[in-house]
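Structures given as structure tokens follow.
One chain, chain A, links the two complexes that follow: it is found with chain B in the first and with chain C in the second.
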Partner chain A sequence: MRKVLDEINRSLLIALSILMVLSALLQVFARTIDLNAQFTEELTIFSMMWVTLFGSAYAFGIKKHIAIDILSSSLGAENQKRLAVFIEVVIILFTVLILLIGGGRFVWITFKLGQVSAVMHIPKGWIYLALPVSGLIILFYSILNIIDEVKKA
Partner chain B sequence: MDYVEIIILALSFFLLISAGVPITVSLALSSFFTLVLTVIFEASVTTVAQRMINGIDSFTLLAIPFFILAGQIMNSGGIAVRLIDFAKTLVGPLRGGLLSVNILACMLFGAISGSAAAAASAIGSILTNKMEKEGYDKGFTTAVNVTSATTGLLIPPSNVLIVYSLAAGGLSIGALFLAGYIPGILISIVLIIISYVYARKKNYPKGEFWSGSELLRTFVRAFPSLLLLVVVMGGIVMGYFTATEAAAVAVLYTFLLALVYRELSWEKLKKILVDSSITTAIVLLLVATSSSMSWVMSYGNLPQSITAGLLSLTENPIMILIMINIILLLVGVFMDITPAILIFTPIFLPVVQSIGIDPIHFGIIMVLNLCIGLCTPPVGNLLFVGATVANIPFQKVLKYLIPLYIGMIAVLILITLWPQLSLWLPELVGY
Partner chain C sequence: MSHFWNSRLSNCTQYSFTCCGFVVKMASVSLIILAVFACGNQKQVKEIKLAHSLSEEHAVHKGMLDFAERVKKKSNGKLTIGIYANGQLGSESQCLELLQIGSLGITKVSAAVMESFAPKYKVLNLPYIYKSKAHRFAVHDGPIGQEILNSGEEYWLKGLCFYDAGSRSFYTTNKPIYNPEDVSGLKIRVMKSITASKMISEMGGSPVPISWGELYTALQQGVVDGAENNPPSFYLSRHYEIAKYYTLDEHTGIPDVLVMSTIVWNRLSEEEQNWVKEAAIESAPVQRAYWNESEEESLKAVQEAGVEIIKPDISDFAKSTNSIIEEFKDDPDLKRLIELIQQTDA
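Presenting the complex of A and B:
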């Protein structure tokens, strides 16, 4: 389960990074030959937003987000486990409240208002959809992390 | 903002981060807890999500992922070895010359790769064994390696300065970059002096003396990497491209360089792209969530309250700068530099601007200050990286760090009191 999710995430991140770099380079190049390529700016920013959200989801999976772990290192093994589970529960709370409910509502409102991007005229709701979708991935990862923690002898 | 709200915001944030909850999550949740006191639930969650996405909807911000990626590509190369060889011909003949070589190489590597941790690990892992063989004290060499790695955060291109520019509401990145040179180089010089004094006391060996042609040869080998610094800064300062475009060009340049040196395979490239995406995401999610927190703070006029509160204590600019510096030093002990900049810039910048401090100058003070915290436990990324590559428990490094901390704090005081050290270069170029 985790392996499949990791693999999908990694491929997505690789594709998005390449897209982000190429469209930014195209912009520099287009400007030097006076070509109008305004869409590149939007494309670059959108791919960065997706890299941020999906990269974050992946980072939650491998517990790479910056945290202050003084408390944990001062606890015994049993309490360390409890604390790790508690932290995952807080992450789930964040994911459900902010990314799934908040992000979901935000996407819905943006679609309803019919907001489109300035140059490419993409409905912005599609871009923002990364909020709830990455939220779902984080939810999976957090549940998997809790299971791993509980299984740990 | 009511006192109740300030207390809820500060307390919930503090409790969450001390429990070890990721800082991003703590920022978003404490913003939500504060907002939901006055705004209905649906609007609160939606606002936090919306502020998060708005926080990363920025073209300037793109410089960060590109510099991270360029740095990662650089790391995979033999560039550390080339920079060390070049530094050796310059400062190697000094008493305890390898320490100075470490400092200079760390500064160059940190500037090029944009990552202090990468500098400490790349340069440290090559030099530690060599220095140990020549009788250098491992605790001191690690301390020097760790502190000198911070200079890469001041010398451009530097992602933490870009983060500060954003947190300050969009300062000129070119001006900030230029402002970082002199303070960064000053730190290196002070560290070299301290190492030299220590080396004389311990009678460490001198390195051999290199001829002019050797110097030229090592320079030519290091030149392609050093050229990157010139291209990026030259391009930005001459107004040829924006910081973001410069960063994208840096990616292309390092990529081509790695191809020429035959250091890149598709497998390696895939790993680099994934790793740099994760680093990018960690930094930018902090930017996103802290922008929701700073929105909540300014929604409740918190920065104005803090400004008024601090100014009621004293209106003496020097006293205020000293107070802020002490608070930031304490913050740096417990918090990594990027979240600290994102959280405390919106709080302190209005204060210092109201007493006439230039925001560019304040940015350099803040970054230099928080750099010291990177080398202190209990939260000191650089210290842990440095100790790990040297294979020594970090507790054994602490006593050797003390003279170096003192040197860095001396530079901090100098930079704080003498604005021209930061502002002279940007003004010279016309910012």
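Presenting the complex of A and C:
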């Protein structure tokens, strides 16, 4: 389960990073060879937003986020486990409140009011959809992490 | 209010001095807390936040100060407007999103930004849609302006009034522009907008989208041959240090709009709504006077700095971009508005 999700996430991230670099490059070239490529600016920004959000979701999955482990390293094995579960619960709370509920509401409003991007005219809701979707992935990873933690004993 | 607070506070201190028991102390503390909350509830002053991205020296900011002053006066200080300048609360489109979720009360944005939120604003931003300055004001103040301001309500963005942002003209570094043919072959920086880049293409130039903050270096290094903006922006951005030709072709007259969140608007009583609406409408002519002043000052200042001001035949420029207006007439709604604007008397 985790492996499949990791794989999907990784390929998506690689594709988005390539897209981001290419569109940034194209913009630089377009300036010198007189080509009007206005869409590149938006494309770069939007792909960066997706890379950031999905990248952070991926980092939750492989547990590579920055952590200060003074507390956890001074605890015994049992307490360490409790702390790890507690941390995941805090992450879940944040994800549900901010990314899923807050982000979801924001996406809903943006779709409902039909805001479009200035150049490419894509509905902005699609771009902001990265918030609740990455939230779902983080939520999924957190639950998996808790299960792993409990099983470890 | 202050009397109420003082009496509560002195009562509490008295208690804790006379009987020194722990319980009484706790009770006095909770009384103080209660007093604070009671004060909070009785608070009569309501503040609406207004955020925008201009500096505090800007003529439009002065217009908004006048607006805030008027709201305060009308409500006898019961309703105030807190102004957050310099983009403290986000860029123009971010502020509009804050309005839509109800986190911010009022914002000032360019009508160009409003295009992506409420499509009717597009007609105000077309090149040479206005015949003259007087015509522009007649359109903004008239029923068309009102219809466009109201059209935002559907998108939870209530337009309060238009502020003048002058008209935009070309400035170039090496090659002066005397007629539309001179634009051909030049790289001109444009805003992030389809209409703006179409206009340059129609004249034969190549539009280059570059962010406003990077433009100074872009002009200096020759990434673009020129750009376009109104006189105060040309002056305040110091682009005149590099661009020595300013052609007053006045191609667009994109106004600024004072927009209010319908969520915050509906929270106000009818009386309060009237204060806000009246104050906004009354502040518009004051802002125009500020703008005129700053436009004259800017033109004088850039001339003193050695910029050549060119006054071309505007009708030639208008002809070269006529096809853009025709293109927008494909949309029946916009067509009706464009025709109404063209019929408006100055």
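Some points to look at:
Quick note on the criterion: the second predicted complex is superposed on the first by the 153 of 153 C-alpha atoms of A that agree within 3 Å, B and C clash if a C-alpha of one lies under 4 Å from a C-alpha of the other, contacts with A are read in each partner's own complex, and residues count from 1 in each chain.
Keep this in mind: a residue touches a chain if its C-beta (ideal position, glycine included) is under 8 Å from a C-beta of that chain, and two chains touch if they have at least 3 such contacts.
Note that the structure is predicted; figures quoted are calculated from it, not measured.
With the two structures aligned on chain A, chain B fits next to chain C without clashing.
By the touch criterion stated above, A:I143 is placed in contact with neither chain B nor chain C.
Legend: residue contacts after superposition of the two complexes on their common chain; A:S17 is shown touching chain B, with no touch to chain C.
In the superposition on chain A, A:D34 contacts chain C only, with no contact to chain B. Once chain A of one complex is fitted onto chain A of the other, the partner contacts of A:I8 are absent, as it touches neither chain B nor chain C.
Set side by side, chain B and chain C differ in how many residues of chain A they touch, and the one touching more is B.
With both structures placed on the common chain, the touch criterion links A:L83 to chain B but leaves chain C unconnected. Once both structures are fitted onto chain A, a short way to say it is that chain B and chain C open up an angle of 80° at chain A, using Cα centres and rounding to the nearest 10.
In the superposed model, A:L113 lies in contact with chain C only, and not with chain B. Between chain B and chain C in the chain A overlay, the least Cα distance found is 5 Å. Comparing the two complexes, residues 41, 105-106, 109 of chain A contact chain B in one case and chain C in the other. Interface residues of chain B, counted against chain A in their complex, comprise 16-25, 28-29, 32, 42, 44-50, 52-53, 56-59, 61-62, 65-66, 69, 241, 244-245, 248-249, 251-252, 270, 273-274, 276-278, 280-282, 284-286, 288, 334-336, 338-339, 378-379.
Residue ranges on chain A touching chain B, taken from their complex, read 10, 13-14, 16-18, 20-21, 24-25, 27-28, 41, 44-45, 48-49, 51-56, 58-60, 62, 64-72, 83, 86-87, 90-91, 93-94, 97-99, 101-103, 105-106, 109, 128, 131.
Put simply, chain C touches chain A in their complex at residues 93, 97, 100-101, 113, 115-117, 155-156, 187, 192-194, 197, 201, 206-209, 223.
Of all the residues in chain A, the ones that touch chain C in their complex are 31, 34, 36, 38, 41-42, 105-106, 109-110, 113-119, 121, 124.
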